[in-house]
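We just call them A, B, C, D, E, F, G and H in the order they show up, numbering each chain from 1.
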């Protein structure tokens, strides 16, 4: 008797696990695609570190935007696979790549218009909802993406100088400074976000050193007088 | 409270404005997490106490047994009606999986207690799908101070995985019960429990546990427990071989209940 | 400046650690002595497992009692070394041997008069206070000692039968049964006491098996009719 | 509540009577332990928030700074007057070392916050022996309902070890502060903090940490932090070599305060 | 220029890596199926531990044999996917389940005819080659399977007694004793096989104690006089 | 009877295990020699980090080439010891040193002619096949070697500047940049290759900072106008 | 200049390290042989666990003695390889097998004459010195061997009953009881010896239960009246 | 009878174990003192990391030398306690602190005269023999000390620059470079020495980067022209 009951109980559990594994498998396949997209966007945007890339940047942003459209359709597929209200059951699968895409979206927008992209704009770029009861963009993933952005910008500041572009470091310095101030408002737990934020200090320091190197050599452009910083990117 | 201190931050800056909003969101999440941890902790402690209470039901006096079962039932229901209701309210409108790590310990311990109660009282346990029907609540929307008396339907999310993790722990209590039974001469119960756990073990064998570390660990412990019970049953059988099996229970009972046994001894020897 | 302050702060800490280490060293020396006592008492009482030891038991108890006097004077030394109110700062050192001595005291009393010794009597035998603000006997250590006693008694029951003593197992069965009932009243956490108590079930089972073996062979003495069980030991 | 259920236990049995007493003792201890854990958790959270607040004091506007310090002072005192007082009452008449594991986390985090506050405001920290004087309370014996208005003196036990463990964590906050200072061009502070931590490190080197695992781990982390600060100071020096050192601070300040810097730029270049 | 060379090199690597990942993915899918087969066979054979299962054993063996046919076709698929000469490159994927299936095949044969199955018979049951240059059965996997068998038989001996079958433990004792003697001849490295073999001695002891329990109660069947032990299984 | 069968089975296993242990022992001896070769080549090439080593580099490459001949003969011995089709069964033994030799071969070629060595050239230098059904050079080992090369070149860039050689860092920057772009194309699994690749980004950054330091001080040679970069090495 | 000094220093170290590695290699080879001897002796003596092995025991002892002669010559080789005064530098290599051989020597002597072998006799059997400044037998290794013996004897007691030999368990019980009492006198540190000794109590209990099983069924031979226990073995 | 024999055997063991424990206790006490000495020397030498400590270094070396005299007398005590030929039996007790003292002696000599101290000089400073049959300085401990020295010097190089001393890093770079080359010659086993040596390469890199930072800013003193580097320390 109890045998039959037990069998029933376990059979339904087996079905449950089986269907979970199927969902995970589907997710894994889609995430693989998204990772490929992310890798391509990153490769496209790496142009910023090449010498004398100034002209190519806007065309790279354009290419990135096109790739983000593929990303969107992949996130749409993903949102169809993940059951409603179970976003956090499976989000380990796409957490990492989503952070990376937040970084890439933020970098694209920074290159295009020089401003900090909002979480809702990133959600739009990725093609996900901003409503947390649907397939949405997690705040912490967005913030992690911004921290990755700072790291890339620190490298960008260095390479810009190598290319003889002395304005870019000033723009980056201001941008990262504001982000840093923003992050300091957050009450962070002792988690990965906190650790990543602690690393930000070193990037801020690195950027300041670049600005300092420019200023003692009189290479610092009179940046603050340029009121229209955002326009720089769009020109 | 902190407002005046932060004047030095440029509140007109767009970035700062964005981060003000983000701070609210993050803080709300952390606070909710902390509250859920506390609720879960209370559930864990009370569940452990109920299990303890149920172990005392190993008495021959049916009336006492019934009393203990009734109290356990009452307290399990209180957990459902009070503690889990509060938990459900916290989780309402949230993705429960975001907070699962905060309440899984309490939930598993409750399931362990519930299953143990069901097994003792009814000789079998209810499946997962019965469990989830217990966790449905109707909450009045009295937050807003007007007379809006509508109710919201709310339910607790119990992923099957937590049910089976609790089921694994439940077999640990069955081991205790089985060995206790043997010590007090309740031989048939010993065989019965052992066979029941054998079924559960075979059930788990059919499951593909790879990738579920917790579950794998539970099954490992379950196998250990089962082998202890099998060895206990083996001992009964081997010893029982020296006198006819049907007389065994009588002898063991005689032995372990000296008060009762004294009178019966006369007839037996 | 800050250098001097820092030096002061650390010097006093160094002194603190040094004095702690000295205390620990003294404790360790005394505990070593107590462990030696415990080992001797255990050796003396092992006589119970030898064949036909019935007559020797009371003289062994007498020897044990003499050794407990040494234990007392060692605990007195210990209580002088441990600062007031810091019992639990150092109690890892003597925890284990104290549990062992609780077991040995309880065994001695069981052999002498057949009853369960109370915590206050054990404290007296060891020469420690029962007042928890002084050097006292920890309740959990006492309980651990009782569980060790049950384990020894299970072995004793087996060996008594080998020696042809069929009453002893009955006495042990009743005694351990009562202890078991007592322990079931305790609300144990998932700690070492709980683990040890779970093991008790197997010892209860073992003792029951011995009693069972006797009863199916008609060797079971009519124990319950002997109302004066305690007297057995004292005869 | 459970009384009626336990009738089946023979209350006249001496063993049972003894264990009834033992149960009371054990339960009292466990309950006290749980209460202390909760008190400690609250202290931890509030201490972390105070540290967070203090990191915001890195502003040049002295008035804001003073405001932040005052608030931190107030909140630290509230912890002493309220939370630690409750803790002391729980510990009163107990051997505090029995419960140390339950409250050491909160205590260490408080010490970390307090030392960081002292360092920021006064440039140095107070030794352990000053700390313990803060934790003395007088409690009215109003438990018994008569007019007995005598008071009991109670104090918190703070073992030196917990003080130094807190001190270790405090240097972690100094590292954050030091690197932040560098980013914002506050060069002298950077050197000052680095030298301060050097002293603390040398202090720890003289201590025999063997046998104190926690302490050894803290010293290891401390060394890592110190080397990061030393490298930061090294960077300043190396870069400073390209212009005279005394002009360095000005340049860096110019660089990092664009608002202020704009006017001064004219004079400099 | 060199850029083009580099790109070419890496593009060809990408193809290579891609095809490897495809192979692994295919292997993983097939191994998953084999694991499912193995779980089913194990579940079917669990019947031996149930009370009074004697009659059902042969029908369970029959079911197991049918499931082994599925296993065969899966191994055939596997052998087609794994490139020649690269068995050991990928064998982590199927190592564990193959050991398990060796155990299950050996158990089936033991239940059917009471003898130790040879490696070539197991290879046949699984449908793989014995020639180490093809997709074959690795010796160490076969040995691991035998050690797993001993563990299951120890449990079987206990449960057989509970079911009143006193001959089975004698058969198992002889069988495992011979296996133990065999393993003792091998000079094992300090690897997983060695660790598993060290566990065998506890199982041998366990089985010997079962035989002891039967002997001392006069329940031991006169096993040695039954010369035709193999026939027992085949009846 | 069955006893004899069992014994036979195990005796044949013993032979099998014994011969395997002999093969491993032989492999170990040869690999030890190869490790010695690798250590010597590394020592010879360390000259690049010394001040003013420019002239000595080509003679060091020459010495390295001679040592690679010893390596070749050792790999030939190795390929004779490893049974056909069992490359991956034993490759743990030589995996690590082979990666190291790939690094050293790639460094030698870089120093000689400034280009990225292909996998087939490395295989030739080591004297192994490129055909994966023989004793060959594994692709992953080659890639690991390239990543080790980048790490060495980052160090080289720093030390070249110390020696006053400002062209070398430019050459290295371009070379490592291209390698980095190449690796970025690959869809790496989460394995040791991936981990090592993650470390590459720090080395790229380091090299970029060296170039930055030269740029800002006007020390950067006009590298891009030198079209004939490969020729630099061959001069 | 100092460079040359450094090189000289390290070159001499290299010689030193090389010679150490050679010594270790030689030791390893010899120990491998000794391990083979030990395995063979163990296999020979396993006959005690077989049914009705009484007659074969003395011939097995004889075979064991012959194998011990090989052991002796191997230990002689070993003592020649290990430099004077460096026994403890290398003893990890032979520690384990020496403990095993102490067990085997003690078992042989027990089977032959029923008494506890002394450390000097074991040293003689193994062909090593008892003088601790030479290549000697370490006391702790001897004691570990005795503890291993007890474990084997517990198993022997069980199997002897199965074979219908009811005297052997009595002999073993007395022998192990005395050993247990002996160990109890020792003040052991918290090391591997202590851990092994803690396991002894389970073996003592097991043996006591065997004796109990014989007693309660009236199968216990009147062992104490046989004054000449030693003679049993020597017959 | 045999009982008496057994008792005698164990009583003599007890004496043996007791005397061993006494030796260990004495060793522990002396090692504690040596550890205290080492901590004091380390603290004294920390002065090198302070700003503008140049003048104080020689007085610190003097203080260290005085403390080494205490170390000597403690090692003399130690050598008297350790029985002849049992150095390696007990050397775990002093291994770690001896490595530390090798580091400290090497640091002192480096600060005093700028050269690598030889093992015989360290042995002299510590007051131990160099003859491996007596209480000597083990080669591996000396090498571990040198590796610890490199780590301290890497930190020293950084702090020296902060203090404006640009010659020190050059001296350290040359010194550590030679040590690195020396270690590279050794064929290290896969032990703690090897692990520590692997860490050395990061320290070498660190120091090279310091030299780089000085070079690129034209702060590098013309170190190679100063032929008399050793004299720097002795001035």
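Convention: a residue touches a chain if its C-beta (ideal position, glycine included) is under 8 Å from a C-beta of that chain, and two chains touch if they have at least 3 such contacts.
These numbers come from a predicted model, not from an experiment.
Counting hops only between chains that touch, chain G reaches chain H in a minimum of 1. Just one of C-G, E-F or A-F has an interface built like that of G-H, with over half of its contact pairs in common by residue number: E-F. Taking each chain's centre as the mean of its CA atoms, C is the chain most distant from chain F. Rotation angle relating chain F to chain G: 180°, from a CA superposition, given to the nearest 5. If each chain is reduced to the centroid of its CA atoms, chain B and chain H end up 58 Å from each other.
The mean-CA centres of chain C and chain E are about 49 angstrom from one another, to the nearest whole unit. Computed from the mean C-alpha positions, the centre of chain E lies at a distance of 35 Å from the centre of chain G.
In chain G, the residues touching two or more other chains are 181, 185, 187.
Shown for chain D are the residues that touch two or more other chains, namely 56, 195, 202, 206-208, 242. Within the complex formed with chain E, the chain F residues making contact are 2-3, 5-7, 9-11, 13-14, 16-18, 21, 83-89, 115-116, 118-119, 132-133, 139, 143, 175, 178-179, 181-183, 185-189, 229-230.
Against chain F, the residues of chain A that register as touching in their complex are 35-36, 39, 42-43, 46, 49, 51, 155, 158-159, 161-162, 164, 210, 213-214, 217, 219. Partner chain B is touched in their complex by these residues of chain C: 173-174, 177, 180, 184, 187, 198, 201-202, 204-205, 208-209, 211-213, 215-216, 218, 220, 222-225. Residues of chain D that touch chain A in their complex: 49, 52, 55-56, 176, 179-180, 182-183, 185, 232, 235, 239, 242-243, 251-252, 254-256, 258-259, 261-262, 265, 269. Remark: chain B residues 9-10, 13-16, 18-20, 22-23, 25-27, 30, 93, 95-98, 100, 123-125, 127-129, 159-160, 164, 195-196, 199-200, 202-204, 206-208, 211-212 touch chain A in the complex.
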